[in-house]
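Chain IDs A, B, C, D and E follow the sequence of writing; residue 1 opens each chain.
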Amino acid sequence: MTELLFALVCLPFASAFILGLVRSSQVRRIVTYLSTISTIGVALVFCIAYFVRGAYPIEIELSHSFIHITDMCMLALEVCLMLLIVVMSIKYKKYHAALFSVIQTGAIIWYELKSGWMPEYEYSRLYIDWLTIIMVFIIAVVGTLITVYALGYMHDYHHHHTEFKDRRKFFFAMLYIFLGAMFGLVFSNSLSWMYFFWEITSVVSFLLIGYTKTKEAIDNSFTALWMNLLGGCGFAGGIIWIGHSNGISDMQSLISTDSATIVAPVILLSFAALTKSAQLPFSKWLLGAMVAPTPSSALLHSATMVKAGVYLLLRLSPVLANNYAGTLVSLIGGFTFLIMSMLAITVSDGKKVLAYSTISNLGLITACAGVGVEETVWAGVFLLIFHAISKSLLFQTVGSIEHATGSRDIETMHGLSRRHPYLAWTLVIGIAGMYLAPFGMLISKWAALKAFVDSGSIILVLLLCFGSATTLFYWTKWMATVLASKTNDVKAKNTTSANQWFSILVHAIMMIALCFFFPLISSAIIIPYINNVFADATEVISNDNIIIMLLMLFSIFAIPAAAWISAKHTKYRKVTRYINGVNAGDQMNYIDSYGEKRRFFLANWYMEDIFGEKKIWMPSMIISSVAIVVLMVITLGGAI
Amino acid sequence: MSVIMDFTKTAMKNLFSKPATLQYPAKPRLYPERSRGHIEIRIDDCIMCGMCSRACMSGAITVERDKKTWTIERMGCVQCGACVNVCPKKCLDIVPGYTQPSGEKTVDSFSQNEKPEK
Amino acid sequence: MMNRYIISAIFIIAYIVLAPFIGGLTSGVDRKISARMQGRQGPPLLQPFYDVVKLLKKETVAINHVQIIYLLIFLVFVIFTGCLFFGGFDLLLVFFSLTTSNLFLILAASSSHSPYASMGANREMVQMLSYEPMVLLTAVGFYLATGTFKVREIVMQDNLPNIIKLPGLFVGFAFILTIKLRKHPFDLATSHHAHQEMVKGITTEFSGEMFAIVEISHWYENVFLMGVIALFFINANPLSILYALIGVTITYFVLILVDNTCARLKWKLMFKNTWITTAVIGVINVFVLEVITKGVI
Amino acid sequence: MGERSVVPFGPQHPVLPEPIHLDLVLEDEKVIEAIPSIGFVHRGLEQLAEKRDFNNYQYVIERICGICSFKHGMAYCEALERIFDAEVPERATYLRSIWGEMSRMHSHLLWLGLLADAFGFDALFMQCWRMREKILDMFEASTGGRVIFSVNKIGGVLKDMDADMLKSFVGILDDMEKDLIRLTNTFLNDYTVESRLRGVGILSKDDAIRLGAVGPMARASGVNIDMRKLGYEAYSNAEFEIITSNECDGYARCAVRIGELFQSISIIKQLAEKITDGEIANSIKGMPNGEAFVRVEQPRGEAIYYAKANGTKFLERFRVRTPTFTNLEALIHILPGSEFADVPLQILTIDPCISCTER
Amino acid sequence: MSGVSKSPWIMHYDATSCNGCDIEVLACLTPLYDVERFGVINTGNPKHADILLITGSVNEQSKDVVKQLYDQMTEPKVVCAIGICACNGGVFKDCYNVLGGVDKVIPVDVYVPGCAARPEAIIDGVVKSLAILEEKSKNVKTYKEA
């Protein structure tokens, strides 16, 4: 186990090193393929090994000297990161980032080397349980597939955007460093180690957002940086506080204490998690992050890195139940869910919709974690899995659509199902996965709703009810647009490269497979995990309903198939569209007021008067900031 | 002051009283005597002067002096009564009762020689 | 256990077989009463059936054949929704399935890419946006009142009828029913009445058999929705079935009355009204219920 | 924000009884741009004046439009009476005015019905038209036609109303008045109706004047014009105030027309009271020569007729400027910024009559 | 009994009428005449309509609209020309812009005379159309195969 674990962490770093050196795209491709295969392979073996060993949580024992050396290396690297940030900040005159970085790194170094507050570890520094395994699986499979996708994508990207310098070496290296850091993060039980990897992901994200080095990219990257670093300060503060006052330095000890004194430091940690998961009022950075090339949006800003935040919250969930920390987290999460799904209605840029929807869904997971009872954690973990895969699928598909059609605006996707049927259908699978019965996200939402009611969080119930409606709106709109058929559209040439296709297809298949195996995953993986964390897990969704869900799942494939066949036999006459009697006869035009042919156009609704950013952004920022400040003051004040 | 469902009273009254429907065609409609339905001619009084035909805005009347026939396109007469007003012999009348709808354009021809034919 | 499934099956079969007749007849009565409220004699009682028979006999024209596919799926999902409900399954699941069915109607309309059909589809989406919170909240209300989402168990509970605990939700649900039943003032996406700015909105491009499918699914849906209304009245007491019948009749009558005494509102007003109603009536009800259940238990 | 929708509206559209076409550019459902086109009912009947005997041309003119058919015929006869410089018997002027006001009532009731229909209030539509039938019955009893009366004649009218008939009509109007109050209250007070009318299609007084709005459209924007005050026919014998409103929106237009409905009843009653006995037509001899210009107040506003004769039995030129034609300008002005659902409603608030606009 | 005639849905189009006939068509729907007694629904959509009630004598500009609406109607369908204008152009026969009757553009099944056509006449016309509709529906199988 230990070897496999180290292999998983080190492999990506090694690949990153190589990729950072090679210039030839041929070699890069080979290295990427090899890394992908090996990472996925090792991850699978790792998961199987875990299962074979009885699927009990494992603590990895490490020798003292190794720990000591690692600690020192980490500190050294943290200093390096800090220096990097400081240099960059000075270069671009964004000093607050440097300030945050210096504060937190300084604090951590002081804490580890000097203060003497640092307690002994109760558990090992590395720890594996089902949640780790799930994350490992996501990082290994989704993560590396995205790097494969990136091969094709970045090639096209630089083909289209000659104005940007080709920094692919750097790009791929960063992707792999990031993957390594994510593995490290999910294996770490030690809070300091976790913090170290946390910082790496922040910095990698910062560097990738700034990839194109345009003014906008730089600005956005610094926004992302300072917000994440602010969260990092919270993280550091939480570690120090908890170590000093409770003598705890690792996650497992933390969640098994039931002392009320940990609420305050837990709030600090949660604060870090909220920033990383771009919850209100820290959502701006994730939206800005969309300037980065799509693979990095998919990998960091949707499927994995932002998951680190909710991962941390899910880990913390046992200590979030029934206290202010939990209330804060769940309210912020639920609120973010609603607000962001409203905002998603108002934008037409496909990637922006995905960004809003990502934040919104993270909000839901956050709310689940914040409530912190068995059922919500169950739902939260499921949401995490489904979201990672379907969002990654969506980002990649939208990226490919952009390359194929030259635009990622929803309004240009009318009739995509005729022009680019394959891309359109993977997009539809992704969208369906996000909100339709019987796909996973919906099941999880359903479970979450039940759990919220059970736990008496009526406000969350309301946020969820309203949020579901808005979510419904923007996805349906997009889906209907894609599936509209403009009869005179012809199938366009498929320009998506094979490696992009491979990644997209595997994602789509995983998406569908997940739905089929959802009961199995629930009983074999999630329930044991919950059992372990909460000592007793209730059956969240009863058997009865699982049967129905499966029925619905089958029906969603079987009924269309049957309908297809019966429709084939329905005799009908093809006619022109009804356009008040002024159809020009060619389906797309009508005779306008000047007697000329004019193309009609059917845009979607954006409801800016109601949900527009201008209308609701500021109020929601204010509400969430006030909520955070008030709740933090209450708890921190109470604790001090 | 806005009232919600202001119409309720009328609606309920309608609901519980007999509908206003006249039940045409089950019950025939009675027309006032002035009602302008169609043109009738007392063909024997006609002098075939053609005044009516010239007055007719829609050209529905043809008078053939030589054949002694007076013909009206029923589907072309707008019941204006101009012909009635100009007829020197007052042999035209406009009377209640419209021409029945039909699949063909009804033309009625009257001849002083024979019985009216259709 | 086995017994339970047999009863479910009987209900489901009864629903599948009877719903079109009940739905069609209700619609006939509806048209008759509406006509009388307008001072007219109105069509024969069986007119809806004549309409559907005619539609089935008429030629079907379409823009493309995916339209027909989506419509068929829509029909199946509507029936499926009703089956889940009358089979006594989870109420939330029922509503999710309802949403899915509606999605296919939207797809069927917008896939034609025809101006009025698409605008109708957009409006249908706004309608969903408007009523969805109330629908979910209704399910939540039942759960709070009875401790279960399962229709079967809600029906079998022997407390007072749910309407006693859920008056707000009842009103709220009846309110959004005007949308679901396509009645004034909220028949935005398509209307039973001729003159609408949307022409026939979402159903503009459906003809012949396709339009018949829409009508039939409308019947199924109506019966299901009336079932939800009945759920507010039914408990283990057999007599409650009578109350439910009376309740459903009165509700339906009020809806017809509203239909005939209101102008069609604009979408913004619909959206605001429904959300506010949901947020006020629904939420107060749920909060009060929460307090009561927590307090009493 | 994405692109905007471009959709056609009309000519065939269930809310439009008459064909008119608009190119609409929409954002969600907000109208950004509306470009109208007409011509779907243009027949070219003015030119028929050159081919039809001036005596009988009246029958063409009253078919300019089936709603105020009577007024077209009347104005045409007036124009020729002016050319001939002929007297019209006083009784005939009373009869013309009574029929004219009844036309206004039927037109406004018809409009109220269509308006109700446009905002989706079927029951109200039905109720309005049910009322309107009573007026049509009076028309048929007195003139023989429900829609096209053919009672005008140069020099007078063709049919008379005896005292019994007038009395019975006044009785019917008295009965109607009560029902009308209840009916129109729904328009004025109902929440849903108000939400559709208030604040929709605002046309300021300045704009109304600048764009040349006429009739209720102008009066609802506070412009005090009514051609009846010129005192043609028997109007100088009736007392009435011009009804105006300063609210300038759809609601005001509705309210003004409702006010005129009751005003018409009062005018008819006054005229039925004062009507004098005597001839109903003077005979006119000879051929017209000269030109005349007539302005009358139709239900939709001021209509202008111009006739030029040259001493033959055919007119040289006949020309109509109809109220809708001038109001269209105002319509185009108020459309942008409204909702798609308001489009038919706003078209209706000018009470368009495309038939007369295009002739 | 094929049943098509039990539910005749109408659509109305004004192809240069003077309004007189249009208003009378609308009046047929109102309480006094209430054609819904025969199952008539006034649908604005050619794709749902069985009977096209068309008024006016058709001009150059509305010609294409009329043709298109007729084409978009589904079989079996019946066209009813309402009013003298629609029958043969009436007083406008000689106007330069009218074609003089609906039958110049699309086949007409029933002519309803009158200027304006009375609601009773329109009802008679619709009733007459029902028989024709019934007749035509016998051929509907062939439409479906075609």
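The rule we apply is simple: a contact is a pair of C-beta atoms (placed from the backbone, for glycine too) under 8 Å apart; a residue touches a chain by one contact, two chains touch by 3 or more.
The shown structure was predicted, so the numbers you read here are calculated from the model rather than taken from an experiment.
Counting hops only between chains that touch, chain B reaches chain C in a minimum of 1.
Between chain A and chain D, the least number of touching-chain steps is 1. For the criterion of most C-beta pairs in contact, the winning chain pair is A-C. Greatest Cα centroid separation from chain A: this falls to B. With centres set at the average Cα position, the gap from chain B to chain D is 26 Å. If you average the CA atoms of chain A and of chain E, the two centres end up 60 Å from each other.
In terms of their C-alpha centroids, the spacing between chain A and chain B amounts to 78 Å.
Between chain C and chain E the centroid-to-centroid distance comes to 35 Å (mean Cα coordinates, whole Å). Residue numbers of chain A whose C-beta contacts span two or more other chains: 571, 573, 575, 578-582, 600, 602, 604-605, 609.
Annotation for chain D: residues touching 2 or more other chains are 5, 7-8, 11-15, 29, 59-60, 63, 121, 123-124, 126-127, 130, 148, 190, 192-193. Shared interface positions of chain E, i.e. residues touching 2 or more other chains, are given as 13, 30-32, 34, 37, 42-47, 65, 69, 72, 74, 90-91, 115, 118, 143-144.
By the document's touch criterion, interfaces exist between A-C, A-D, A-E, B-C, B-D, B-E, C-D, C-E, D-E. If you check the complex, the residues on chain D that touch chain E are 11-15, 17-19, 39-45, 47-48, 51, 59-60, 63-67, 69, 110, 113, 125-126, 129-130, 133, 146-148, 353, 355.
Per the touch definition, chain C reaches chain D in the complex via residues 34, 37-40, 115-116, 119, 122, 184-185, 187-188, 191, 193-197, 199, 260-269.
For chain B in complex with chain E, the residues that touch the partner chain are 19-22, 24-25, 29, 57-59, 73-80, 98-106.
For chain E in complex with chain B, the residues that touch the partner chain are 31-34, 37, 80, 84, 87-91, 93, 109-115, 117-121, 123-125, 127-128, 132.
On the chain A side of its complex with chain C, the touching residues are 414-415, 436-437, 442, 446, 449-450, 453, 456, 458, 461-462, 464-466, 468-470, 472-473, 476-477, 479-481, 483-487, 544-545, 548-549, 552, 555-556, 559-560, 562-564, 566-568, 570-575, 577-580, 600, 602, 604-605, 609-610.
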